[in-house]
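Both complexes below contain chain A, partnered by chain B and then by chain C.
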Partner chain A sequence: MSSVAWLIPALPAASAVVIVALGRKMPVGGAEIGILSLATAFVLSLVLAVEVFGANVAATTSGVGEAFLHTARVELAPIGAGDSLFAGIRIDGLTVMMFLLVTFVSLMVHVYSLGYLHGDERFTWYYAVLSFFSAAMLLLVVSDNLMLLLVGWELVGVSSFLLIGFWWELKANSDAAIKAFLTTKLGDVGLVVGVVALWGQFGTFDIAAITAMVGDGVQAGGAPLDTGLLSFALIAFVLGVVGKSAQFPLHTWLPDAMAGPTPVSALIHAATMVTAGVFLVARLYPLYSAAPAAQATLAVIGAITLLMAGLLALVQEDIKKVLAYSTVSQLGYMVAALAFSYTAGIFHLFTHGFFKALLFLGAGSIIHAAHSNNLRDMGGLAKVMPTTFATFLVGTLALMAVPPLAGFWSKDEILVEAAAAGGYTGSLVLVVGALGGALTVLYMTRVLYLTFAGSFRGEGHPHESPRSMTGPLVALAVPAALIGLVNLPVEAFQPYAFSAWTMFSLEYWQTHPIAFEPAIAAVAVGLALAGFLAGWALYRALPLGDDDPARRLGPVSTVLAEKYYLDRLWTDLVTRTIVRDTAAPAAVTLNDEVIDRAVAGAGRATVATGRRVYDDVDQRGIDGVLHGLATSTWWSGARLRLSQSGNVQLYAGAMLTGVVVLAIVFAVGEVS
Partner chain B sequence: MSWEQSAITITVALPLVGAAAVALVPRRNEDYAKVLALLVSIGGFALSLAILVGYDWSERGLQYVASVPWIEPAGISYTVAIDGISLPLFVLSYLLTFLCAVYSFHHIEEPGRPKAFLSLMLLLQAGMAGTFIAFDLILFFVFWELVLVPMYFMIGIWGGPNRQYAAIKFFLYTLFGSVFMLVAFLAVYFAAPERTFDLVALQQYGAAGEFAIGFQRLAFLGMFLGLAIKVPMWPFHTWLPDAHTEAPTVGSVLLAGILLKMGTYGFVRIALPVLPDAAVEYAPLIAVLAVIAIIYGALACLAQSDLKRLIAFSSVGHMGFVMLGIATLTPLGINAAIFGMVAHGIITGMLFFLAGTIKERYHTREIAALGGGMLKTTPRLGAVLGLVAIASLGLPGLAGFWGEILALLAAFNPAPELVAAGWLTLYRVLVVFGAVGTVLTAGYFLWMMQRVLMGEPPERWVAAPPEDVSPIEWGAWAPLLVLTVALGPLPFLVTAITDADVTSIMSAFGA
Partner chain C sequence: MAAVYPLIFAALLFSVGVYGLLSRRHAVLVLMSIELMLAAVTVNLVTFWAIAGDALLTGQVFALFVMAIGAAEIGVGLAIIMLIYRNRASVNIDDADLMKY
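Up next is the complex of A and B:
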């Protein structure tokens, strides 16, 4: 099966091409091709997942063998001195886990969009880009080398750009798209520098080869490993992670990215693309575990992010922005988790992908009905939208980490690992993570109240969404509720658990069992309960707008409303004031006033010299020799007609200058 | 003479003969000139492809060699040959001329006169192609200078309002640099153990260390001035925005597509191999200037209000990446540079076609006056501009990516001589600045796309939408669009041609 795994990214890629070429002439505008390709890719992923699972279970139950790994590559191009670029695939537990998540959520989003985008004038284009995104994301996760991974990474970025700005008639939307692209691209400076540095250090992009060399403590040419350079590259990657996975302080693009169609937010800006950074760290986990400084960076950034985004989620009026900040916060959990544990980080990625996609699609259904993103225009929707309500509730409970739903197991695992790791970073993540849990419950309680309780405050008569939309909600609700059980912290189950399925080495699996701490779980549930009670107390009376308790905290509210002033920092100060309004005009001034002036000045000086020579030397009687010194005509050329004779003179002048210079060169050459 | 010996001569002579033939078309049948020019350009392109196909890939090295004495007392010979370094640029020059000939059926700027225009274009073609196959320094110089004259007239006659100034500035500035280059060529001739202009012999002398370092420094400086102005490197670039902005579309396409590469090619072909020790000394300076060009070009682009001038300035940054690759003095860096040259020729050539068409349809190139919404008024033109702009900002999967990323890769580990001289840290810092440059590049292109392509179009374009892409334009553009997309996933299309000869020519370094 592994030998045809390349079909999994190739099918949606082909789909994108076919939709662009033929989509408009198809009965469903090309959507059918996208759905078919993703359905096939999903089935293939499932088969592959089972194969990997079987192989890994054989190893974990017997205690011998290795984690499943299949790689295959073709040469793309020679690049000098025997080096080459390769395109290769790497199938292992992490790849198939991502395959399953991406193809399933993408398939759901493809189906859901039939209803959501129904009648849009760019329906076909939408499906083409959606398929293209899926292909790029699958390429990113299947790459066996960093260069190809970088290609996939940038391609998901451009699809994100195209979809955030999908309704580009509105400037706000194209602004959001550009902001998303440029902010993540700024992070990509780190990724590019990291890839370049690792290549420089190891002489290859191949992840398996680099991992092996780090394991052996060597680098290119067998020289001893320079851990400082390795840490530099890995911390540079963290900048890429911060951009792509919307971590503090580059997270500001993600809430704005909600300008895109809601199914896109579910797929790209919740379940898949934004987890690319987390995936990258997981993919390079053996490297990170050899670089404590890089891991500490992850822990601190993740902790800051999860807390500050959780607070921001509390004050949003746009339901999508609540979910967006929630995503930022949850990504913070994942990034922090990877400082301590491979499994904990990717397990939360996995569960979060399902329940957050569900929540976004649910929000899309709500927005579809209420014709507004604003929580003020909602209310009382539980009665009229029973399916949406039930599934949204499941997603919410999973996000709140209510046992036994998905989020509980994965978040608990993070806290347990942080506690086990101890130290400053472990304690930080444990405390902040537990508090963040309470915060999560609080902001989601607020959303539930404002959306579903009371009576409808908007205009019109909301009704349940069509089947094409509720179907995917139901389909996503199942994993949102149950998927956490695949990593149940029961000892006898461990050889068959998520941790075994996704392990990158048997040894790691054996030394890092899934743990459960009743005390931590109890505290987390207690804090969650406290969060719920606070939310219940604050929001059951449905305070809105300025009555919102979160808006009555004085300066704290101001800071939250200003999003910690980070937008002012990046958009207003750095992008507009410094780059666009200062540096760019300065470059032009330098160009026109200094450099070009110097050129023109040299020309004028030559003319002046020529005139002086003509007036003073030539006209005063030295006739003949210098007569041909046509430099006098050089810059009077502005008045020169387009005649051959002018050019001859130019040549003559130039040649003469040349002879003079040549004489000097030889003189110096003889001396030296 | 066999095809093997005469192929290059025939291929380069064809546009020369064609230029004369076009010039002889009777005035009353000026449109025949277009047909004739098209046939000549097709013939030239076909011949260049025949050379590409006939090239013996297992042998590599110089092929199709022909050498006859020319001005014997001075040791000047007519020596032409081709190898993997020349081939991509040689073929590209014929492709672009062919496409320009096609485009000319659609549009030639005021005052029209296709006969004169196309005759000059073919003359230009001969000069460009000749530069890439000349293996005698004087022959190289002759072709190099041959290019100046037709381009001067193209800008000066068919250019925009400020054409006189731009044309003269282009001519004189380039000529100014050429003089120093010629002096350096002559100096090398005299300094060689056996006086010769033969490039292969001079390269052997260079590799054998026959030139004293003091001499190399001066000679390199002379070549540097000539080549750097042509590229153009920062801060010798100020002729470029003026020339590009004023030049007619075909002139801009060829200027960006091929002429700039003559400078970078000269570094790879002549300056580095003949004067390797000086190259090591100058390389850090070149690298710094290259990265300044990347950042500075992007910043200048952010401040442009004229679409064509923006594209012109973008060349400064893109050529910065090419020069950064060259300044690493590694095979990887040179491969990156040649990839960058080819990709830039294709993408920026295409962008200038688009700028010309936009000016023709919308009667303005001012971004503010275009007013946005092009995806609504002329959706195909808008989509093509979007695709090519994204390619130009270096998105992976399209042609612009490899040249940039490979140059950065090469800069992380420059040639051992440079490391030994203590420049490693400088180069690694430059990698970071180069990477930052890609963000700024993305910034100005996206911003341009937002202001030109997106948003609601102004009322005047909605009321009377301009004509979308015409069939002739599709014909002229399709090959470039195909290459823009194909070079992304298939980078070997360039590097498989260049790699072996690049590695061999760069063996003088890092031994």
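Up next is the complex of A and C:
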């Protein structure tokens, strides 16, 4: 089965091409092709998962063998230094886990968009880009070398740009798309630097080869491993992760990316794009565990991000922005977790993918009904939209980490691992993570209350969304509720659990067991309960609107509403003051006064020299010689041809004269 | 030195031919003068062969070759003269200056 695994990214890619070519003529505008290809890819992923996870479980239960790994590659072009560019696939537990998540969420988004984008004038194009986006993400996760991974990474960036700016007629939307693209590109600079640095150190792009060399403690040429150089490359990668996975301080693009259609937000924020950075760290986890400096960087960035974004989510009035900041916060958990534990990080990625997709699609359904993104225009929707309410509640509880829903197990695992790791970074992540959990509950309580409780404050009469939208909600609610159980922290179950499915080596799995700490779980649940009670009490006791309690914290809420002035930092200080008011005018002056003049002067001198050369050398000199030659040839020819009289006897006489002359010459020569 | 007589004869014959070639205006006479020069050459070939005494009869064979080629040349030359006469109603060699510049 793993030999045809390349079909999984290839199918959505082919579907994107087919939709562009034929979509307009299809009865549902090409959507059926996208849905069909994603459904096939999902089924293939399931079959592949049975094989790969089965092989891993066999290894963990018997204690012998190694984690499943299948690679295959074709050479594209030699690049010198004995290396080549390859297009290769790598199938292991991590790849298959991402396959499952991406294909499932993408399939749900494809189906859901049928209703959400019904009647849009670029419906066919939307489905083409959606398929292309899925294909790019699948390429990213399946690639076995850093070059191909970089290609997938950039393709994800391009297609997300297209989707965020899908309704580009509004300037704000196209601005958001450009902002997302440029911000992530800033991070990608770090990624490219990291890839090149790793190539310089190990002489190959192949992930398996690099991992093996790090495991043996060597680098290219068999020299001992230089941990400092490795840390440099990995911290450069962290910059890429910060951009793509919206970590502090480059997270500002993600809330703006809400300009895209809501199903796109679900896809970008749940399964793809933002998880790419987390995936990258997980993929290179053996390298990170050899570089403590890079791990500490991850922990600190993750901790800052999760707390900061959680606070920001409290004051947002746009339901999608609350969810966006919540995503940033959860990504902070994942990044921080990967500083301590491979399994904890990707497990949270996995569970979060399901319940965050559910929440976004639920929010889309709410927006569809209320015709507004603003929480002030909602309220009382629980009665009119029972399905949406029930599924949204499941997603919210999972995000709040209420046992036994998905988020509880994964978030608890992160806290346990952080506590076990100890030290400055471990304590930081433990404390901040527990606080962040309470914050999560607080802002989600606020959303629940403002959306579903009380009476409707918007205009018109909201109604339940069509089946193509509620269907995916129900389908996502099931894993959002139950998926956490696949990694139950029970010793007897662990050889069959998620940690075994996705392990990258048997040794790691054996030495890093998944534990459960009742004390930590109790504190986390207690904090969550406190957050819930506080939130409910606040929003019950106080009126809404401008008196929103989250807005009555004086200077604190001003800082939060201004998003810590980070947007100001980027747009006002960096872009406007530094770039536009200082650097740009200076550059303009330099350009106009110095460079332009130098260039113009050089140009004028060149023109003058050229004219002189043309007039004197070319026209007079060279042309003169040629004209002279031609004229003299013509003149002498005119004279010489007179001798051709046509008189045969004259010719005969000339011949005779010649013979006589020659005879005399020879006779004289003979004599002397 | 009996061989000197045929050589002197051949030289005289060649001179007559040269004179005729350069002075006559009638094309047929010019052609005949060329034949005289060829005849003089033939006499020379035979004479020198007789002096050298070659067993392979080279001189005589060459004399026969020259006669055969001379006959062929007369054939072509007369045909040209006939055509020129038909076109221009003249066999004066001064009129036949088509190859002029």
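The rule we apply is simple: the second predicted complex is superposed on the first by the 581 of 672 C-alpha atoms of A that agree within 3 Å, B and C clash if a C-alpha of one lies under 4 Å from a C-alpha of the other, contacts with A are read in each partner's own complex, and residues count from 1 in each chain.
Convention: contacts are C-beta pairs under 8 Å (C-beta built on N, C-alpha and C of every residue); 3 or more make two chains touch, one makes a residue touch a chain.
Keep in mind that this is a model prediction, so the values were computed, not measured.
*Asks:* Going by the touch definition up top, name the partner, chain B or chain C, that contacts more of chain A.
*Replies:* Chain A has more residues touched by B than by the other partner.
*Asks:* First (chain B), second (chain C), both or neither: which does A:I595 touch?
*Replies:* After superposing on A, A:I595 lies in contact with chain B but is clear of chain C.
*Asks:* Which holds for A:A77: it touches chain B only (first), chain C only (second), both, or neither?
*Replies:* In the superposition, A:A77 contacts chain B only.
*Asks:* Quick check for you: in the superposed arrangement, does A:A197 touch first (chain B), second (chain C), both or neither?
*Replies:* first
*Asks:* Figure out whether A:E154 sits in contact with chain B (first) or chain C (second), or with both, or with neither.
*Replies:* In the superposition, A:E154 contacts chain B only.
*Asks:* Tell me the contact category for A:P224 with respect to chain B and chain C: first, second, both or neither.
*Replies:* In the superposition, A:P224 contacts neither chain B nor chain C.
*Asks:* Look at A:K171 in the shared chain and tell me whether it touches chain B only, chain C only, both, or neither; answer first, second, both or neither.
*Replies:* first
*Asks:* In the overlaid three-chain picture, which partner chain does A:L182 touch, first (chain B) or second (chain C), both, or neither?
*Replies:* In the superposition, A:L182 touches chain B alone.
*Asks:* Taking the stated contact definition, name every residue in chain A that is touched by chain B in one complex and by chain C in the other, in rising order.
*Replies:* 642, 647
*Asks:* Name, in rising order, each residue of chain C that touches chain A in their complex.
*Replies:* 18, 21-22, 30, 93-94, 96-101
*Asks:* Which residues, counting only chain B, touch chain A once they are in their complex?
*Replies:* For this pair, the touching residues of chain B are 149, 152-153, 156-157, 164-165, 168-169, 171-173, 175-176, 178-180, 182-184, 186-187, 190-191, 212, 214-215, 218-219, 222, 235, 237-239, 296, 299-303, 330-336, 373, 375-376, 390, 395-397, 401-402, 405-406, 408-410, 412-413, 431-432, 435-436, 438-440, 442-443, 446-447, 450, 453-456, 489-492, 494-496, 499, 502-503, 506.
*Asks:* Any idea which chain A residues touch chain C in the complex?
*Replies:* Chain A reaches chain C through residues 641-642, 644-649, 652-653, 656.
*Asks:* Going by the contact rule set out above, which residues of chain A touch chain B in the complex?
*Replies:* Touching chain B: residues 75-83, 85, 147, 150-151, 154-155, 158, 161, 165, 168-171, 174-175, 178, 181-182, 185-186, 188-189, 192-193, 196-197, 199-200, 575, 579-580, 583-588, 590-591, 595-596, 599, 603, 634-635, 637-638, 640, 642, 647, 650-651, 654-655, 657-658, 661-662, 665-666, 668-669, 672 of chain A.
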